[in-house]
Every structure is written in structure tokens, then in C-alpha cells.
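The same chain A turns up in both complexes below, where it pairs with chain B and then with chain C.
Then we have the complex of A and B:
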């Protein structure tokens, strides 16, 4: 901008709530923040996830015992001060296993979101933005992938690759990427005809630049919602795989495997399976509340799109 | 309508070919030699070589693919490595078990989920809406296998209302129904929660349309607005919701079958996975995916029958 223009700009009397007014910007930010803090669901969800993340990170200091140490004299012990939720059939502290289990669940949630979101966003955005035969090909491929029930696909992939944290994350990511891509494409389709995209074409921006700088950033709100929902789905899928014995292998503590171990003794020691299931539910409820809250505050228009296509 | 049916049919065939292709490459995702993987570490070299040639693994990949496709389209999905039975036949014998569970579960889900979702949307913002949505949130958040375990613990062990096993070995029709009830309820309730949430959104979207506001402004009576305008227009999205949840329900049915030790596609696939019987896994994945595709194609035709707007593309 030339200095002459700058001078002319500053000569214009400042409007009290102009778009560049720092005071107004601050007020807008506050108003936006208030929309979140006044959404009870969002606040509850955010608190749950924050606490769980702290629990997972600080596990070595919080857990009362080692999650792996077997105490054969204390097999299936009743809850006590030393073992607040008792011990399992190998004499391991159930509470400690649940605390360490949060690490696995949250890691799976985090990585699956990161991977499926990055790939799904790019694939979906490319399809929606480019159109033509590329779009038709991508859509056809996505439709084929969506015909496989997500959990079944993850199960088959884990079976093929062997069970480890990496293969669980890869399998669940592959299963859920097409779902993210579908959402992304439908969002981009609503953005593409908007005037500012047309204007970007008109002033001669390259397609890549328009896609990266204008289309994808404007499609982010629904995608952020999808991220939280897919983290919830991923945690449930990991728990299911662990429950079936196909997740991260023993003796690593995972919530699903604690339920599976507890199943054998569920009539005499129901607390083991019950507490592990509640841990999963709390994490998933937290993420779902967070997702619902973000959806309500970011963009009330996109309810159906994101919900239905993520299953 | 004929053109619409034709398009749906072409799409159906194309998707089926695609599914077979994905299933083919799924088997190739096994690192190393699938034959060695399936037979375990102690297999003799001859056995591995025999299995390799039986699976066609000694051919170049493109030939393997063509052979696989040709056989798959004629209904030959190979043989189970463990039992030697045709894989498709083994899957089809498990199908009635899964189908009855899926249909019963989906019936529970639709009967509960759709009316509750509609009620929630009409009463938006009231305590009725909040209660239904809170319950639905719990429904989608509790792992379905855990709900199954808890149901067995309380309703079978403590209350003695239902058998803990999801299938009777003998017995007449009513015995089977009695065994099916609990698994169907467990599967149905989790799906009902999804359906309720999505139905509410679909209904809210319709209720927010201009023509509904115009009808209100013109003084059209409430029940008439609801039944003639809102419900009819929300029908397609609700059908779509049911279609989407079907695939999801099939995935979850695996876990429900395992918890209730019920035979079916899911438990057959799981057993095959644990036995490294990859031919059988592949067949199971194909059968389930084909089921999803057929349901979706049926729904597509239904949309066209119900809503003429859907026929033009």
C-alpha cells in the first residue's frame, strides 16, 4: 500500500465499530468466547477431555500402582485403600490399568483424527473443488469404501497387519477417512459457488492457492466438528478391537481389554468391567458433548451433514 | 422412472465390482506371504506351496485379480483354509442368524428412534427434548459390547428374565425369539440413539424451511402443518438416516454376537480372523458389504418411488 493511501486512510474519522477497530475486534472475540462458555454441554465436554488428557499424561504420578505388576497373593482382591477398584485375576491394580488405559484411548483418538482429517480433508476438498471426472472417480471410490461397515473394515485390516498400536491407528484411520472426505466434499460443494471464490478466480489466483487459502479454511468449522465426532468413534472402535483381543496386545492396559478380562469374573467382580465401560463412556460422552457444542456455536446449519455421514 | 431404475442398477453393479476389488487388495495387505501367514510358522514347504497354488498366489497379480473377479462374480469366494468348505456357503449358513438379529435390532431402533427424534424436534428446547437428547447421547457413547455385558449381568444373571446366550441350540420359534430378545434390544437401543439424534436434525431442518413459516403465517392448523408438510418432507432424510445406520448396525452386530455367543456373520468372521483363515474373512467382508450395497440400492429406488424429485439427476 502506498504511503499516500495510508495518509488518506488515517484522515478518515474512525468509525466506532469498524472492522479494523481493535476495540471492536476484542469485543467480538469476547462475544464468541461467551458463546462457548455459556454452552453447558461444550464446557462439560471440554472439562472432561482436559481432565482425561491430564490423567493420561500424569499417569505415572497419579496411578496408585503399576498397571502391569502382577501380585499373585492379591488375585481378584476387593477394593481397598491400596487398590481402590480391587485387582483383576492376575492381581493387577484395576484403577491403575484404567488410568494407563486412557493413554491408549486418547492416543488412538488423537492420531486417527489427525490422519483421517488430513487425508479426508484433502481428498474431499479436491473432489468438491476440481469437479469433473476426478470428482466422479473419488466419489465412486468413497462410495465403495463406505459399503464396508467401518468397524468390520478396521477389524479385517488389523487382522491383516497384526495387532499393535500403529496398526490399530492405521486401520481405524483407513476405515474413517472416506467418511471425513464425504463431509468435506459436501461442504466444499456449498462453498464453491460463493461469490468470493468466483472473485478469486477472476483476479487470477491459481487453483491450488484458492483451494488452500480460501476453500479449505472456510470449510474448517464443520471439519472441526467432524474431528471430535471421529475421535469418539475411533475410541469406541479401539475399545471394540481390544475387547475382541485384536487391539494393542496384552499386557498393555487398554479399556477394552480390562472389560474383556472382567467378563470372565463379571458375576463375582462386576466392578472391573463396569468401571472400564464407564471410563470409555465418559471419554466418548465428553467428545460428543464437545462436538455438539462446537456444532451449535460454529455453524448451526450443518447439523445433518456431519452427523449422518460419520457413522 | 425406468431411467432412474437403470441408473441405480448400473451404479449397483459398478459398486459391487469395486467391493470385490477392495476385498482383493485387502488380502494383499498382509505383509509377506499370505499362504505362510495362514498356515502358521510350522508349515512344511510343500503345504505352503500347495496353498499358494490353490490360492493362485503363484500367478502375476493382474492375473490373480482377474481370476478372483471372475470367480467372485460367479459366487465362488474360495474355500475355508481350516474346514475346506466353500467360503460363501459357510457365510450364507451364518446369514439367517445375523439377518434376524439385524432386522429385529433395526425394528427396535426405528420404532423407538424415529418417533423420539420427531418428538424431540417438535418440542425443541423443552425438557422433553433435553431428556431425549441426553438419553440418546448416552446411547451413542456407551460401547455396545459393554451394554450387552451389563444387560446379561442384570437381566439374565440377577433378574433371570432372559437367557444369557443369544441363541438356542434347539427349541421352537418362541424359544428362539426369547433368546433373540436381549441381543436385539442391546443392538437396537444403540442404533435407536443414533436414529433419534439424526431424525431430530432432519426434522428441525424441515421445520426451519420457509414454506413451514409461510404455512404458520397463513394460519394453517398445527397438525396439518406437521403431518402434511413437515413429516412428508422429512421422510426422505429419515429414510436416508436409517440406510446409513444399517451399515453401522452390521458392524456393531459383530460385537453383539460375540457378547451373546450367538452364531452369525460377525462371529464367523471373528473366528476366521483368529484362525488366520483369510479366505473366510474375505468372504465375510464381501457378503456384509454386498448386503449394505443392496440395502442402499433398495433405498435409492424407494426414494424415487416416494419423491419424484429424486428421479431426475
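Then we have the complex of A and C:
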């Protein structure tokens, strides 16, 4: 074709947005940021979690009293300036216990997400990507673990291990890893047949590199959402374990143990249990809002293509 | 039986396939139900010379894409042999095969799906170089060079694939495939997903690249017009077999296989008068299923020529149904891919006469072209 050269020249594309100057790049970054800041749920959730984190980190400076100091003269005191939420039956400041309790709850949430996200992602990705008997074995194992209610499994593990922060984190992580792995596997199954995976084989990438460079990055958005939401369930699980006396041992302040202590006097001093319950509710709602926000904003292109079902 | 198209001239054979077959499904392993066997590619033999372009044409389900993947071992053949650059690569272990990948690359049909949406264009094009151990310092320069080579601006390396149009993405796919300067490029319907105006640009780009680098193309398409534009030799596939192969001009001017003839008759002509006058050969029915191949010639249930030959009499015939009668040879024996003496191979018991009326009528594309040029 004689017009070949011409056709080729005219084919050099000009984006209407203009050339690739730093200005355009900055505008693209801003647009991406706006997706987050314009999402009310995401902003509320992120604010709540950020405030809770600040509270937990700055607990020694913020808390009005020591969470452990017992004041026998002030048992079950009414709220006052010195004790804004009153004291419990050992004369400890309830507000201070709640503020320090946030440390435990957020630590559990953080570590459980980190551990179950890492392990679940790897296990799920291997199962989905390798297929064959490896996949069948992993899926069978996951199914067995999912047959137990997550909380019961954690309960049994803590009961077997003894109660400490580490064992609570381990137990809850083990209980939640299969959930992340299931989601990961199903997302990887939707990615595996996509042409760019075959293209990676054609280029000469090893399976491991394809998994690390192409499969996992593309599978992350829905998995991150699941992980955020499971941080909420992990906090609930820790509170539940503490409530039953199987969590981090007394006298350490945790939200669950504050509820448990307050339960005995719930008719006369309902504020103790209620305030701890409210703290848990706020943290869980914050994380759920954050998860929903992430689901809506994490790379919309991606979401449309994988069509992955979120929890 | 084998159509050995090895060149007799000064060119060297780059790729040769001998009796290449791929069967999907079959007997199930433990726990797995057995699925019906699909003979996607059935004893295909051909060779490609260095620097030439072989077009492979066929309907959906003809096995052409499977064949392309077999040739570069993206799929493992069930039987047969592949010789690439004088080396048998049929049984090469995956690790050794990976090292050879930089010599054989592929461009995929789907320009939307074949690029990782989470990678920047620069990283996509650089990836094959990274994998095959190019020096890091050279990669950025080479990436910019290649992007420019395929008609994109090097500044676009910082963008993501979704910011590009289909034609631009296909350029990116071509850039990735050409990054390692391969000897062989399998083009699996590279323009089928693009607008016609963009198709021409991509085809011209491919031609320019070939001129500059001497790369060998195997161009897979279902569109005869596109293949004609770029190929020197064309092979027509039907249900896993090559039924005809010839130098481009000969195949388009005078197809010998009834299937090729009917495909050609479906190509619309640019000349309106010729378009109104030409005869079209309608095929009977749909492409058969590769799970239940007809016996003898696998084209006979749809063949117009078989019906004509049977109607003319003088041969033993078999009735397929109340109305359809075909020669017994077509149902009983599989025709070999036979040379007509001029390097024009066809697998047909009753090939079309290159000077006969059916062949002329069925090749209006050539007629239209010559009229345009005169």
C-alpha cells in the first residue's frame, strides 16, 4: 500500500488531554485521590480508624488515670471530672481502661489482618494458579476449617494454647486465613484464563514470576476489602474471647473484659458495659465503612473486569 | 501424504512442523470424568522460510489458533515434531524452552486483555527484556526506542493500558513481542478486534517492522482479505487440517480446494459491478464438530464440488441423505495434501480446475483486484 507511511504517521495518537507533561500526570493523580475523598463512607471510616489509632498510641498521655490502679475508696463511682465514665468494682477508671483497651483491639485487628492476608493470599493464589491435585488438597483443607464457626475455632485454639495476646492473635489468624484464601482462590481463578497471563508465558516468565508479578497484584483489590472487613470480625472475636475470660488475661484492659466486669453491675451501673460495647461497635462500623469505601474506590477498572464478589 | 513445503531455493527453513497434532480431552484421570476427544489439530505439516509471511486462514474452530500455540509450545503437542531454526523443540523441557522464548514471540488477538491492566506500558514492554537478562541500563533506552518504532511516543511509557485505544494497545502488544528482536512472530488474529481503518495501520506497521528486522511471520486470521494483504504464502485450515496451501497469488486467483473457493467467494468486492455479477458459493451447513469428525474427507458433508461430481455421474456414489449424494471416495478415504506440480497443494479428490468456471467464479477477489489495477 503506497499510503503506508502516511497512514503510519497519522496513527501516532494525540490524546485530547494533551501531551504527557508532568501537569497531566499530576491531574491524573489528583483524580485518583478524589475518588477516595469524595466517598463519604470511606472518609468516615478512615477518620474513625485514624482517631482510634491515635487514641491507642497516645493512651499514656490521653488517659486521665492509670487503667490498672485500683482505688478502693472509689469503687463503682459515678462519673466525675476525675473519672469521666466512673469506676468499676475495683475502683479503676473506666475511660482509661477503654482507651488502653483500644491498644489491644487494634493490635489484634492489625496483626490478624497482616497474618491472615499474607498466608491466605499465598495459599489461595497457589491453589487457584497451580490447579491440579495441589488445588484439590488445599480446597479440601480450607473446607474442613470453614466447617467450624470461626469464633469456635479460635476459642478452641486459645483454650489449647493458654491465654496471651500472641495466642489470641495466632488463634484468630488461623481461624480467618481460610476465609481470605477462599476469596483469593476465586479471584485468581478469574484471572488465570485472561490473555495477559498467557502473554506472560509467551514472553518466557516462570510460573512463580507470573504469580508474583501479574496474578497477585491483579487479585489484591477484592482481597484487601475482605481483609479490612475481617479486621472488624477479628476485633469482635478478641472482645468475645476476653468477655469469656479466654482473651488477654486480667488485669490488662480490654474492651471485652470491661464488658464482662460491668455485666455484674449492669442494672445499677449500665454505663460501664454500654460504653465498652459502644467502643467495639464504633471500631467495627469504622472498619466496615472503610472496607466498603475501598471496595468502591480501589481501581474501578479492575473491579469491572474481575467481577469478583465481595463479602 | 506430507505436504513438505521445504524451500528448494536459497532461503533457509526457520520453522518446520511434521504431523503436528493436538487432542484435547480424552480419557479422564482418576476422579476426573472423561470428556469427548477434540482433535483440534490433526497431523499438520508445513514449513516456513526465514523472513517470509505464512498466512493461516480458517473458520472459528478450524484449529488455527491452537496450531499457533503449538508452534511456540504454549501448548504441548499430542504428537508430531516441531523443528525451529534447525533444532527439534518438541520435547524440550519448560526451562530450556523458556530460554528460547526470546526467539519466538506472539501477538494476541485481544488488545484489551493481553496487557496487564496494573502495569505501566513501559514496564510491559520492558518485561521480556528483564526476563531474558538484558542489562538494566539498556532497557529504558531500548523501551523508548521500541515504542517509537511501533508509532507510540516514548512518553507514553508512564501510562496504563486502559488509557489507550485498541489500535494503540495492539501496538504495545507488538512492541512487547518485538522487544527481544525475535526470529519468529506468531500473529494470532492481531487485527480482528480492530476497526477496519486501524487494521490497515497495524498491517502497515507489521510490514515495516518485517522489512526492517527480517522477522518471520505466521499470520493467523479468519479474514482472507487481511491475509492477502500481508502473506506470501497462505494455508487454509478446515477442522484441524490444512486443506490447501499455495503462494498467495495462486491461491487467490485459482483456488483448488472447494473450501477455499467458497471462502474466497464470500469476500466482498470493492468494485460494485463486479460485486453484483459475481457468484457466491454457499456452503452447506456449519463447520463440523472436531469431536465427531466425518469419515473420509472431512469437508464432504458441506462440499458443493462433491455434489456436482456425483450429479455428473461416472463415479461410485454414496447417499448422505435423501437429497445429498456424494462420490464414495469422499466418504471413504481422506484425500492427501497433493501438489499440482507448481507448489500449489490441495487435499481434495476432485480439486477445482484452475482454468475451470468454478475456480474463476470463486476467485472474484483476484478479478476485482486486476480490474482495479488495469
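The rule is simple: the second predicted complex is superposed on the first by the 276 of 311 C-alpha atoms of A that agree within 3 Å, B and C clash if a C-alpha of one lies under 4 Å from a C-alpha of the other, contacts with A are read in each partner's own complex, and residues count from 1 in each chain.
Going forward, a contact is a pair of C-beta atoms (placed from the backbone, for glycine too) under 8 Å apart; a residue touches a chain by one contact, two chains touch by 3 or more.
Everything quoted here is computed from the prediction, not taken from an experiment.
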item	value
Which of chain B and chain C A:194 touches, first, second, both or neither	second
Superposed model, chain A: greater residue contact from chain B or chain C	B
Partner chain(s) touched by A:232 [first = chain B, second = chain C, both, neither]	first
A:205 touches, of chain B and chain C: first, second, both or neither?	second
Partner chain in contact with A:289 - chain B first, chain C second, else both or neither	first
First, second, both or neither for A:147, with chain B first and chain C second	first
Of all residues in chain C, those that touch chain A in their complex	31, 72, 74, 98-99, 101-102, 105-106, 108-110, 113-119, 127-128, 131-132, 151-153, 155-156, 158-159, 162-165, 167-168, 173, 176, 198, 200-201, 204-205, 207-208, 229
Chain C contact footprint on chain A (complex, rising order)	1, 4-5, 7-8, 10-13, 15, 19-20, 25, 136, 194-196, 198-206, 209, 213-214, 217-218, 299, 301-302, 305
Chain A contact footprint on chain B (complex, rising order)	14-15, 18-19, 21-22, 26-27, 29-31, 137-138, 140-147, 149-150, 152-153, 157, 194, 197-198, 201-202, 204-205, 237, 240-241, 244-245, 247-248, 250-252, 254-255, 258, 266, 269-270, 273-274, 276, 278, 281, 285, 288-290, 292-293, 296
Complex contacts: residues of chain A adjacent to chain B	140-141, 143-153, 155-157, 159-161, 232, 236, 239-240, 243-246, 256, 259, 263, 266-267, 270, 273-274, 276-277, 280-281, 284-285, 288-289, 292, 303-304, 307-309, 311
